[in-house]
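Structure below; questions to follow.
Chain nomenclature is as follows: A, B, C, D and E, assigned in order of appearance, with residue numbering initiated at 1 for each chain independently.
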Amino acid sequence: MNSDISIVALSLQIALFATAVTLPLGMLVAWLLVRKQFRGKFVLDVVVSLPLALPPVVVGYALLWMVGTNGWIGQASESVFGSTLAFTWIAAALAAAIVSLPLVVRSFGAALAGVDPRLEIAARGLGAGSVRTFLTITLPLAYRGVIAGVLLGFVRALSEFGATIVVAGNIPGRTQTVPSAIFTRISAGDTDAAWRLALVSVVLGVIALAIHNWLLKRSPLSGVGRSNEGRR
Amino acid sequence: GGNADKDVPLIFAAASLADVLAESAEIYEKETGKRVEFNFGGSITLANQIAKLDAPVDGVFFVGELPELLLGDLVVTVPNGRIGLVNTLVVIAKENAGNVRTVEDLAGSDSRIAIGDPVLAPVGRFAKQALESASVWDEIKNDLIFTADVRAALAAVETGNSTYGIVYRTDAMGSDSVSIVSEIYDGYSPVVYAGRTLADARNALAAKNYFDFISESKDVQNVFESAGFTVGFSGP
Amino acid sequence: MITFDVRLERPGFLLDVIGEFGDGITAVFGPSGAGKSSLLNCIAGSIKPSGGEIQINGTTVYSEENKVSISPEKRCIGTVYQDGALFPHLDVRRNIEFGWRLIPKNERRLDPLELAEFLGLTELLDRKPDELSGGERQRVAIARALATSPDLLLLDEPLASLDIARRGSILNYLKRVHSEFSIPMIYVSHSITEVVSIASDAMLLRDGRLEGFDRPSALLLGAAVAGGDIDSFENILDGVVGESADHLTTVRIGSIEISTRHQNKNSGENVVVSLGANQIILAAEQPTNLSARNILKGTVSEVWSNQGKVFTEVDVGEKFIVELTESALNELGIAVNNDVFLIFKSSSVDVFDAR
Amino acid sequence: MITFDVRLERPGFLLDVIGEFGDGITAVFGPSGAGKSSLLNCIAGSIKPSGGEIQINGTTVYSEENKVSISPEKRCIGTVYQDGALFPHLDVRRNIEFGWRLIPKNERRLDPLELAEFLGLTELLDRKPDELSGGERQRVAIARALATSPDLLLLDEPLASLDIARRGSILNYLKRVHSEFSIPMIYVSHSITEVVSIASDAMLLRDGRLEGFDRPSALLLGAAVAGGDIDSFENILDGVVGESADHLTTVRIGSIEISTRHQNKNSGENVVVSLGANQIILAAEQPTNLSARNILKGTVSEVWSNQGKVFTEVDVGEKFIVELTESALNELGIAVNNDVFLIFKSSSVDVFDAR
Amino acid sequence: MNSDISIVALSLQIALFATAVTLPLGMLVAWLLVRKQFRGKFVLDVVVSLPLALPPVVVGYALLWMVGTNGWIGQASESVFGSTLAFTWIAAALAAAIVSLPLVVRSFGAALAGVDPRLEIAARGLGAGSVRTFLTITLPLAYRGVIAGVLLGFVRALSEFGATIVVAGNIPGRTQTVPSAIFTRISAGDTDAAWRLALVSVVLGVIALAIHNWLLKRSPLSGVGRSNEGRR
């Protein structure tokens, strides 16, 4: 039980870290894809979507290669930290981030595309620069899709297994997340412990969903044209 | 069972044997006209599917004691003996291996060592046994990287993310970018991929026929041997 | 001062106008689809023209040739969009304060809450735009634009769905804002009363081309004469408030004095009066015993006619234009240099604050 | 006929009105935020009231008590929403045809393409609403509602951002549609000219309450007298077109005849004339040599005053209401039963098709 | 190579089947979640989101248990087909559908929520019933989010591995999909073949993405307020 808690803590740490990466990155990419025209747009689209098209295990092997001594991430981290990131929790977070990025980008993209550009124009006209306009108009108006994207990304990161176990291994106390612990328990025939951990996953998911729904209620647009006086 | 074709046995086999077993099945079909189907996966996962969830299966082709333990009484030995593909463990490293020459040397290496997870992969169990009998387990415990299976351990070394690894000889031989620094001959249970039929399986007989065939066919044995396995037998 | 030379190409429509807006209030009118909103949007920077050049107070904000295109937020223009474009996620207060917050404290000239108060929005400050009536939304849009204390105000049919009482008070407020802070305004409207009461200049657009640019009265006359869609000509004159008594207020216009309905104004205040050309009756002789409070003697200075409408210009000290019928013209024997009397009711005269 | 007893509760606003709309054209007016759109939306079924009952032609479409609430698509009501509510993903043609496609072929009374033609939308058929000007969008909304050949038409400030010429022609078209297919209409507007020219009844809403329901002229008078926001009272009278000559057309009203501007109408056509109470001059004696084409002798039948405005009712065969000032009243010695002369210009008279 | 093609064909069949299930089901659930108030709404939300919170392997075991002889799906199918669905391609499709449903529902939900209810009201007023209104107004206006959801779901189904291999196994020619074939090749040490199949996955993903982008361009709202004349 005690170790369960530390496993959950590590899983949360990894998922939060992954979300902290995918949130700004996904927003940037989604914004580029939705609002900008540039060469290589489709390539960018493909690159961020790839992890969805590939089985996570393959993503894991590709990532393992990238963080390895021949990969560019590996060489960078070797010169900074003196070792590769593989088999550390950072590698797990990286894997989780990469795997959840496509979900985040798609959600954000659809959300941004739904924002009426006339309102952005109006904000510009009222003196707001493009960054402020994005933060005060675009983002709040895309709120629903944004938090849906964050939910998807976070929960996907929490449940990530295939890529994580390849690039981060399954080292109890260091890289063993809830999913790899579940898999370990199943394999060891300790079904009860496995289901207990699965239940923990479910609880985490439910909490995330509850927070999501609560945030949705606080949405700047919630109720608009909907809740009021039984409009149908 | 879920087997569409009657009389075609479904055999749950370790994914690492996928190529050799597929070839053996081709030979089987060519010479007898009979077919056999495989479901490939991790030995332990497959054993769990059979033991816990009643998967529709006629035979197994696994490695290690754990799957056997999981299956327990379900397995029946093929009457005229059992075919075993024997493998051994090796210590691998990238080209410049440093000064590790034996398993014992790992103790002082102070480097990452990738092994299969003893719970998830039979190869990890064998490696743990070997390390324990070499009395280095406790010393290197914190340097060990547990991977999901033997291929992941191999890949960890290939990509430079782990300095050493302990894998099957067959896997090491198949890789261009690692070299074997030490062969481990003893200190762990024999690594034997064993084919058996399952008690009360619908096509147990057909499965038995297949096992009988491959234990006799010279062609099949050539396939196994050229893949690096030693073919061995043991009595009932 | 805004000078523009704007070309905007669209399938089936070409806006191609050269002109300038002064520092007063300029009305822009013209039929639906003429390009009024498009022109305003080009000036505000919300649409990029296909070509040309726009200068605001000497600064080039757009130039095709020099590849200049200053972003909208740097133009210091307040815009009341035709469709409101309120921010649906912000309540009324935050909508109004949006631009106001972005200007330095010492440049804030109009207080959002006072604006809201004036526009009757105080009780709606916590509502979202979606929970407002059409006219309420329009008023929020006006408040939002005014609160930024802009250097230039663009108003695209800002009062289209407001009742007459509110229209009048907002028009007056706009005029006060204009004179107090000397904010030039460009005002799109289909209402002649509005245009006449607020604007010092007027521009007529049709099919993307500029068809006229003049004082509102002159332009309206031109349009009326051209058989356009302007129903009637208004005489617009500058005056000074005189005495008020007995439910009547006198207004001095140059050398003459006229009676108007009672005005809540102090003696000496500058005003503009408006009197429809079709509300004046001509008499050949001094009439007596009439209810009409204004009977002015003058001389016919000009007579012209168009499509059955006859106009005479009568000089009574000031020049008034009178619409009459051909039969009346003949019957009364009205001709240039004849003496005539102008008769109109005090209630026919509209009095506005001077701009 | 629509009878309604609608209660709609909102934070800070309560709509609570009981009344009925006849089969003519009923104008609904009142200040911004009075609840006009809300009432229309309740009738159309886009908002569910908090309580009450609504019947359309005898069918209960909503009843709190009986838990009836017929869905909007079954009410056969065409609505022109204040904000247009055009479908942004459909081009103009598909917008207009949306409802039309849903009615059985034999019930299609107005052809979408003819509607588009009439409303000047033919060249815009392939455009999306986002590519239209404000007035163009409004016209599409009108066409879309008309195309469904509804049993009842609700128009929420449908002409707010249209130029005068277009307004006039659309008003006439609506009147024609009304008389040809006898579609009852409820028409929200802030424009007195519009209301007077189109509506047979009028309803005044204020703060969610019904303040008046009468003939437009009477209601406007009431509002004017109550010091409301109505600027001036209009005399509305039924007439028959007489001869046209010399840029003038005579209209017979009961026993009298008046001159109006030239009308493109045939002799014998039924019309409605409108004449502002403040456009009529009273004279105590027969005036001579005036440009005004209409001089009618009559008897004062009533005099009343309110806030400095004095009204007299003069019977010249028909009854006219005249606004004058107190000083004129006293000076001319006007009192009930006195004989007076009404003077007004032919150009002061507006002539509309009879409904 | 030849067998690669049949593996791809099977994978496509499974993913298409899964999409055929998740499209209507996801739409229904999203619509319920976004537009309706009812008891058990949160439970429904949790149930469809669960597969995202759980490692696919766990989903696989849960599903295997359900389609097994003791589960209700298993008993139903046993009485209909005479056998359980476990280790058939239908089980694989089921697994893929379940795992991709949360993505589909989130995307659809955000898309539906973005549709202005006033337009639906206007359509009702013009005589369209609720179904027609949904099909002609709501759906086209939610188009962007809907096809994003379909893309996410389809691609996720294509790359599904963890749950599939548990419930459908990895039987060449019958249930072996591209991801499980990749796993098999990796396990057998045939790295080249594994990468070749991964490349196939990538190509499939790119094709799906290209179709998605093409559909997006044909979107009923494409260009609105955006492409026209350099509005910014």
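What we mean here is this: contacts are C-beta pairs under 8 Å (C-beta built on N, C-alpha and C of every residue); 3 or more make two chains touch, one makes a residue touch a chain.
Source: prediction; values computed, not measured.
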Length of the shortest touching-chain route, chain B through to chain C: 2
Minimum number of chain-to-chain touching steps separating chain A from chain E: 1
Distance-maximising chain from chain D - centres being C-alpha averages: B
Whole-Å gap between the CA centroids of chain A and chain C: 56
Approximate Å spacing (C-alpha centroids) for the pair chain B, chain D: 90
Centre-to-centre distance between chain D and chain A (centres being mean Cα positions), rounded to whole Å: 59
Mean-CA-position distance for chain E and chain B (Å): 35
Contacts with 2+ other chains: residues of chain A: 61, 118, 121, 124, 183, 186, 225, 231-232
Per-residue multi-chain contacts in chain C, two or more chains: 10, 46, 71-72, 83, 131
Touching two or more other chains - residue numbers and ranges from chain B: 42, 45
Residues on chain A engaged by chain C in the complex (per definition of touch): 118-119, 121-130, 132-133, 136-137, 140-141, 143, 220-221, 224-225, 228
Touching residues on chain E, where the partner in the complex is chain A: 35, 42, 45-46, 49-50, 52-58, 61, 102-103, 106-107, 109-111, 113-114, 116-118, 121, 124, 144-145, 148, 151-152, 155-156, 158-162, 178-179, 182-183, 186, 194, 198, 201-202, 204-206, 208-210, 213, 225-226, 231-232
Residues of chain C that touch chain D when the two form their complex: 10, 12, 29-33, 36-38, 82-83, 120, 123-124, 131, 133-136, 138-139, 156-157, 160-167, 190, 192, 228-232, 246-248, 259, 261-262, 278-279, 281-285, 287-293, 308-309, 322-329, 332, 334, 343, 345-348
Chain B residues touching chain A - in the complex, by the definition given at the top: 42, 44-45, 48, 51-52, 70, 112, 114, 117, 119-120, 144-148, 152, 155-156, 158-162
Chain E partner contacts - residues on chain B that touch it in the complex: 1-2, 4, 10, 12, 14-19, 22, 37-42, 45, 49, 53-56, 149, 151, 170-171, 174-175
